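Below is one structure, written out as structure tokens, with a few remarks after it.
Order as written gives the chain letters A, B, C and D; numbering starts at 1 within each chain.
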Amino acid sequence: MSYRSSVEILTEWDIVAARQLGRNEAKEVGFGTVDQARITTAISELARNIYLYAGKGKIEIERISEGGKFGIIIIASDEGPGIPDVRKVMEDGFSTSGGLGAGMPGVKRLMDDFKIETVLGEGTVIKATKWIR
Amino acid sequence: MSYRSSVEILTEWDIVAARQLGRNEAKEVGFGTVDQARITTAISELARNIYLYAGKGKIEIERISEGGKFGIIIIASDEGPGIPDVRKVMEDGFSTSGGLGAGMPGVKRLMDDFKIETVLGEGTVIKATKWIR
Amino acid sequence: MPQEIGRQYKEILRQYVMRQTEQNLYAGQNFSRQLIQKNIAPEDVISIHKVALEEMYPELPMNVWHSFDLLIEMMIRYGLAHAEHQSLIQQQEEMKVEMDLAANVQKTLLKTTVPELSGLEIGLVSVPARKMNGDYIYFLSDNYHNAGVAVADVIGKGIPAALCMSMIKYGMDSLQDATSDPKKVLDIINRIVEKSVNDDMFISMFYGRYNVENSIFTYASAGHEPALFFDAKKGEFSELHAKGLLLGVVPNVTYVQHEVKMETGDFVVMMTDGVTECRTEDGFIEQEIIAELIHSLHEESAQTIVDSVFKELEKMQNFELRDDFTLVIFKKTS
Amino acid sequence: MPQEIGRQYKEILRQYVMRQTEQNLYAGQNFSRQLIQKNIAPEDVISIHKVALEEMYPELPMNVWHSFDLLIEMMIRYGLAHAEHQSLIQQQEEMKVEMDLAANVQKTLLKTTVPELSGLEIGLVSVPARKMNGDYIYFLSDNYHNAGVAVADVIGKGIPAALCMSMIKYGMDSLQDATSDPKKVLDIINRIVEKSVNDDMFISMFYGRYNVENSIFTYASAGHEPALFFDAKKGEFSELHAKGLLLGVVPNVTYVQHEVKMETGDFVVMMTDGVTECRTEDGFIEQEIIAELIHSLHEESAQTIVDSVFKELEKMQNFELRDDFTLVIFKKTS
């Protein structure tokens, strides 16, 4: 099984802890400075979402490799209310993001692959993957 | 009358000369480094347009002041074919600019004020003004 | 550039240069968020950085400062693209408001009432891929013996399709008779479409009519997706084939109609190609999967079937509809 | 990041640090153009800069390199906005194609033929502020005695307005009679609009009919901009007032009609509020200026007058139309 580490998100400080974990992992896996910053930003967004909308949850980081390629998966999970309209959340809400490129579309852009699973009343699991180029 | 200096645009090298003139003037009038670079970029675009579409023309730089404010006017004039549809040229052609923000809308953004006068078969005069903030 | 920003950034920079912690980077990124919101261009950020660094380390060689001047020059066009983005966002916002309004106008213009006949259940779901729907459903009914439904799809999506749809509506309005034969309906609409639509616009339409007295479903098609017939006794699907030219190609077409006798529990599934051409990353969702899905739901009400099928297919496609999605079920309940 | 880019940038940087010429800055900015086209994010530019500087001046203190790491962090969100911009541009492009197509569909749907009657000149200009026109012109004519024109304006612009217009067209199509009284025309259209349009959509319409036999221009208005009547003998304008409720407010309205006798050289100017509410940075363009402008052109052909007025007003507004602009002139030539 692949190496996995995690941070519980309860307070805003945990966002920083999750970022730290993600940056360290990204560095060790071999990502360059800019990609480390991108992965960290994606974690920031996901952790912030948990903190704001689900109250609590966790960020896990998994190192992955496949056919000589190395990468990282961020898994953000919570037992919050779930997302009623996924299509809407994945739409670029340009005006709501105010050009910050934030939210789920932002995470999708920062990473290579993005999957979302959500059940109303049960929670949400988001998996975002990035490979070293 | 206010101080005015000019550069003829005939070859691509004249674009550099026009930029140089604009940057020097902007510096002397008191613009900061970033605004100097913006004014120079606006001149670049205007001179390039003359070079590409009118064949020849000139860029003049005029220093201006009004009620204690100081600024600069770029005057780009040519005796080219004129612009048949000004509305179209002033529209943001996002896809044609390829996100470079180039063309006349780009010049308008870089400067504070922008005026265009054009007569088919006679030529075009563009005046773009910027004030020190 | 307000001096306050420079002062704040210098403090963040001072902290970070002293201690390279995640918390200081987090502070930096949060600050950059504010800068974007305040419309500070990226070239300004470089300039702020340069000034802060100059104040902290005035002794650094001239070359370093020159290098920053080039970096500012490099950023100017990024700044322009950024400014362009701001105005594009505004345009996008205006467009969104306009499209919402247009979608509303479309809904009012194209509204149709689902007939209520005893012995017949009707289920309907029609979801546009974008704001405006290029699929169109129109019901005709005498509220007693006959229920007719037109399921149409403009080849194309969005606004142009929506404009075309408004034309079909006026054609259908002029019919006002639920007993009209399907072939005749297609005939009339074809003539209207041919007359007023661009040559490059085509519309496919399926027209079906159910008569509760003799339990016969009569149908004709103008180049439309075949309907599915579910035989409850056999527990099997068959396709309701019908040949016919798309609407608007030539002025005079004679459409042919077919009929099928329905027993209790049988139902007809009419749809647009947005249903049959659902696709995931791995390719099209196979027809059989859709048929199996409907099969597994066949004891449910007509509306439950269509709703469940939509939800399932939406999920399979990762919530990205590539085409307008319309599904209508006529189910004989007694 | 291709190494080639780093190598090229390092060369530009080396040149510039050596000699701070405009030509080197120009080279830098042209290079930044290429970077944007290659989808290089702004944070990548900082990183490229840092790497080049490190190679050139490895002896610089650690603090300088740390400072660049913070700068990269600061740029990440600018990079995100930049990436968002790229996809927004693509959406914008798709939207543009769609709008062009929609505008074309609209043109075909709403096409109308300018009547040709001896003794009457008709001039028409109708320019949408955006792609889709929310102003609508429809001519009715028996090509012998009567020429009728409906000038309508949906309160609102763009796509929702365009959808509404399609409805008016079907209403007008159902008339098919150029001898109909203006008040009756408004009556009929009002009923159609009231029935099928959202409560928050209103349409103003002016209907005028000219009879070449008796030279009488008869008109009625549903909350529309008054027309201008030019008396050639006196060389004076007067307004053709007509009261009447906007279309679509209540189902039954009785409109009133008025008439005016025309002499050779007289003309009627019908318009939408896009003409009368032209505005520059300094405020509205005064009515008198428009009247004077038309006056100065009164000896020209009807088409020349409307074209010239449009060009002049477009220029006064710095080529930014705020509303759809429609101007129709009926001029008695003999």
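Note that contacts are C-beta pairs under 8 Å (C-beta built on N, C-alpha and C of every residue); 3 or more make two chains touch, one makes a residue touch a chain.
Nothing here was measured: the structure is a model prediction, and the numbers come from that model.
Via touching contacts only, the remaining chains, with chain D excluded and nothing moved, are held together as one piece. Counted as hops between touching chains, the shortest connection from chain C to chain D is 1. For chain D, the chain with the farthest CA centroid is A.
Between the CA-based centres of chain A and chain C the separation comes to 28 Å, rounded to the whole angstrom. Centre-to-centre spacing of chain A and chain B amounts to 45 Å, using the average Cα coordinate of each chain.
Annotation for chain C: residues touching 2 or more other chains are 25, 29, 33, 36, 69, 73, 76-77, 81-82, 84-85, 88-89, 91-92.
Shared contact sites, meaning residues of chain A that touch two or more other chains, fall at 37, 41, 94, 99-100. Across the whole structure, chains are in contact as follows: A-C, A-D, B-C, B-D, C-D. Partner chain D is touched in their complex by these residues of chain B: 15-17, 19-20, 23, 37, 40-41, 44, 86-87, 90, 94-95, 98-100. Contacts from chain C toward chain B in the complex involve residues 41, 43-44, 47, 69, 72-73, 76-77, 79-81, 83-84, 87-88, 91. Residue ranges of chain D in contact with chain C, taken from their complex: 12-13, 16-17, 20, 24-25, 28-29, 31-33, 35-36, 42, 45-46, 49, 53, 56-57, 60-61, 63-64, 66-67, 69-71, 73-78, 81-82, 84-85, 88-89, 91-92, 95, 98-99, 101-102, 104-106, 108-109, 132, 156-160, 162-164, 166-167, 170, 196-198, 201. The part of chain D that touches chain B in the complex is made up of residues 22-23, 25-26, 29, 33, 36-37, 82, 85-86, 88-90, 92-93, 96, 314, 319-321. Interface of chain B with chain C (complex): residues 32-34, 37-38, 41, 92, 94, 97, 99-102, 105-106, 109-110.
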